[in-house]
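The following pair of complexes shares a single chain, chain A, combined with chain B in the former and chain C in the latter.
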Partner chain A sequence: MVRIKNRYIAVQIVPYAPVKSLRLNDHTLTKCLLQNIEKYYGVYGLGVLEHGFRVKYCNERTKIAIIRCLHRGQRYVSSILPLITLIGDVRAKFRTLYTGATIIQCNKFIIKHQRQFLDRMMGQVASAKERQDLFKRVMELDMDR
Partner chain B sequence: MEQTKRFYDFCIPYNKDDKIMRAILNELVELGYKTIAIDQSFDHSKKEAGKRGSEVFPEPHGIEHLRKEFADKLRILQRITILYVDANVAHAMSVSLNLRKFNLIAGQPKTDAALTHCCTAFNGDIITFDPAAGSRLLVQRKPYLIAVRRGIYFELKYAPAIADSNNRKDMIKVAQNYCTKGKSRNIIFSSGAAHEFQLRGPYDVANLAFIFGLSEDQGKNAIDRSCRQLFLRAASRRLGKTIMFVKGEGPIVFSDSSDDNHSEEEQADEMDALVTEAATEEDERENSQANKRLKVA
Partner chain C sequence: MIGYHYFDVQLKFRDFDTVELTPIYFRGCVLNSLESFFGEIGGKTSLDIIKFSVEQRRVVFRVPEEFFKRTHTAITLIGHYQKVPCHFRILKTSKTPLDFQKDIGENDNCEEAQIDDCQL
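Moving on, here comes the complex of A and B:
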């Protein structure tokens, strides 16, 4: 069976100054990434990547995003991620968490990652309500885009 | 031999301000680095020649408190980067006692002749280059191959490449030169980051290998296995020919099951002396791992 091979890159966005939530949606992220690809690889890179490039998921509270690109152009994306220092109008850097071939694997990894994050954060939160809030906020994953 | 864990970052510039240093180290822990080296640079070309036999190299900075603080999270090494223009440095290095206190020695040649000397005769472990001076110095094929045979590693710092696009171009040029001249053998990546925002995670750094002309495997080795090799080489340079490496760890208990002719008191005195000796040794090496007592290299 022949199918189109994709790669899903799960990234975390680490802002320069710590903030609660980023004003960021998938459109700004896509625009920023494509701009950078054009900057580093020119028109050729854009041509290789633009088809099938998409930000599948972007959570501005947990600052995690999933980028989809074609298998062929994956290295073009992953190699420029460390060089980016400006996302939209925020000074921030990317941190690659995981690269997977299906979005389900990415999802699994993110859930695992968030669990670890929760384990660390839960100790610092006092009241039960805040705790529930935090849990809801961190574990929210809607993949319907 | 001594255990070190991946990942490695062998160039964190020393900063007098403890707050900045701590921020950087915390970020390194967060990103998943386990072994790092704090770098201290020294310009040999400015020193006037003449005073022979005197110590020209500085003492390592005191970072004991940082070591203690990050004892279970990071293994902190010390490294010196020697900037030089001619081969005179070799003599100064051979007589220096202070150099032995550093874990790693890096050379940063400023001229073509120095670069060739650095590859063929330099008694160090790393060859680095100055990102600010641009890519005037490009290594030749012969010296590069000799350096590879001698087990010297070439360093690429990624933080300047992130900060400035001119540096980035130079960096790519130098890296591609290593690729054309000798298939990018013996290359390590390190950060050289003065601020924690310039640090990147190990996998991000490995991905940078793509634009530096390294293969995927080489990229990963550049932050992991090559660094381990480099560490072992540096250790062997410090220790000389070594078959076995024994390390004192914790209180040493002497058992005296055999019946000696010595009187009780004499033995007790001897033991006291031994125990105090052991204690001082223990002080020196308290930040190494606790569970390894005896290692065979």
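Moving on, here comes the complex of A and C:
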């Protein structure tokens, strides 16, 4: 019995200009990634990768996505992510956060990452008023760096 | 030092009169095929033509060792040369320099055109 090994890549989408919503969904992200794979690794790379490739999660408010691919195609995806500058019709780049073997590990990492980010931001603000503002913005998911 | 792999290729065309066979066009054709199948990262390599004969329709060229399998695949998959249906047949591949005159089987380092289906 052979198990199919997957890899889950958690990425953050960093837009060039601050925007509230990226107008992104799974399909546009998949299309963008596969187009770039064809550009950089050709028909062969696309053939290797297409089987088992899927954008499992895409949150346009927190700007985080999880990409699933087969274990053997992991290098193809992770190597083209820094080369992408245009996602859909938005000028943005990818920041690879984590590569894991299960989606639960990815989820755990994202939660930890967001928590750390929040702690850091909370530590930086001085006054109670600003802190409240930040808290409000976090609750509305309006975070732009 | 980079190791090279040498190819001896026979070119077959459906309509030879309409094609313009030059080393540069041939090189472009192979590199185009490599790029379309293996993309910008996987398909860029240096390709040196060593011998070229229009009468015999044979070419001897070399590629770096790590591109041997990819080039082999790309040449096999070429179906058109200047929009004319064609077929490039690999007669011989070798790690040592090849020549038109040498007969098959003369050189021990030569291997018959065979490619296995392991990862490219």
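Quick note on the criterion: the second predicted complex is superposed on the first by the 118 of 145 C-alpha atoms of A that agree within 3 Å, B and C clash if a C-alpha of one lies under 4 Å from a C-alpha of the other, contacts with A are read in each partner's own complex, and residues count from 1 in each chain.
Just so it is clear, a residue touches a chain if its C-beta (ideal position, glycine included) is under 8 Å from a C-beta of that chain, and two chains touch if they have at least 3 such contacts.
This one's a predicted model, so the numbers in the text were calculated from it and none came from an experiment.
J.: Quick check on the superposed pair: does A:Thr28 touch chain B, chain C, both, or neither? Answer first, second, both or neither.
T.: Neither partner.
J.: Go through the superposed model and pick first if A:Arg75 touches only chain B, second if only chain C, both, or neither.
T.: After superposing on A, A:Arg75 lies in contact with chain B but is clear of chain C.
J.: Where does A:Gly42 make contact in the superposed view: on chain B (first), on chain C (second), on both, or on neither?
T.: Once the two structures are laid over each other on A, A:Gly42 reaches chain C alone.
J.: Counting residues of chain A in contact, which comes out ahead: chain B or chain C?
T.: B
J.: Determine, under the contact definition given at the top, whether A:Gln105 touches first (chain B), second (chain C), both, or neither.
T.: A:Gln105: touches no partner chain.
J.: Of all the chain A residues, which ones make contact with chain B and with chain C?
T.: In the superposed arrangement, which is not itself an observed complex, chain A uses residues 40, 79 for both chain B and chain C.
J.: Using the touch rule from the top, collect the residues of chain A that touch chain B in their complex.
T.: Touch residues, chain A against chain B: 16, 40, 75-76, 78-83, 85, 91, 93-96.
J.: Flag every residue of chain B that touches chain A in the complex, lowest number first.
T.: Answer in residue numbers: 31, 158, 161-162, 168, 197, 200-201, 203-205, 207-211.
J.: Quick one: which bits of chain C touch chain A in the complex? Just the residue numbers, please.
T.: For this pair, the touching residues of chain C are 35-43, 73, 119-120.
J.: What residues of chain A sit close enough to touch chain C in their complex?
T.: That would be residues 37-45, 72, 79 of chain A.
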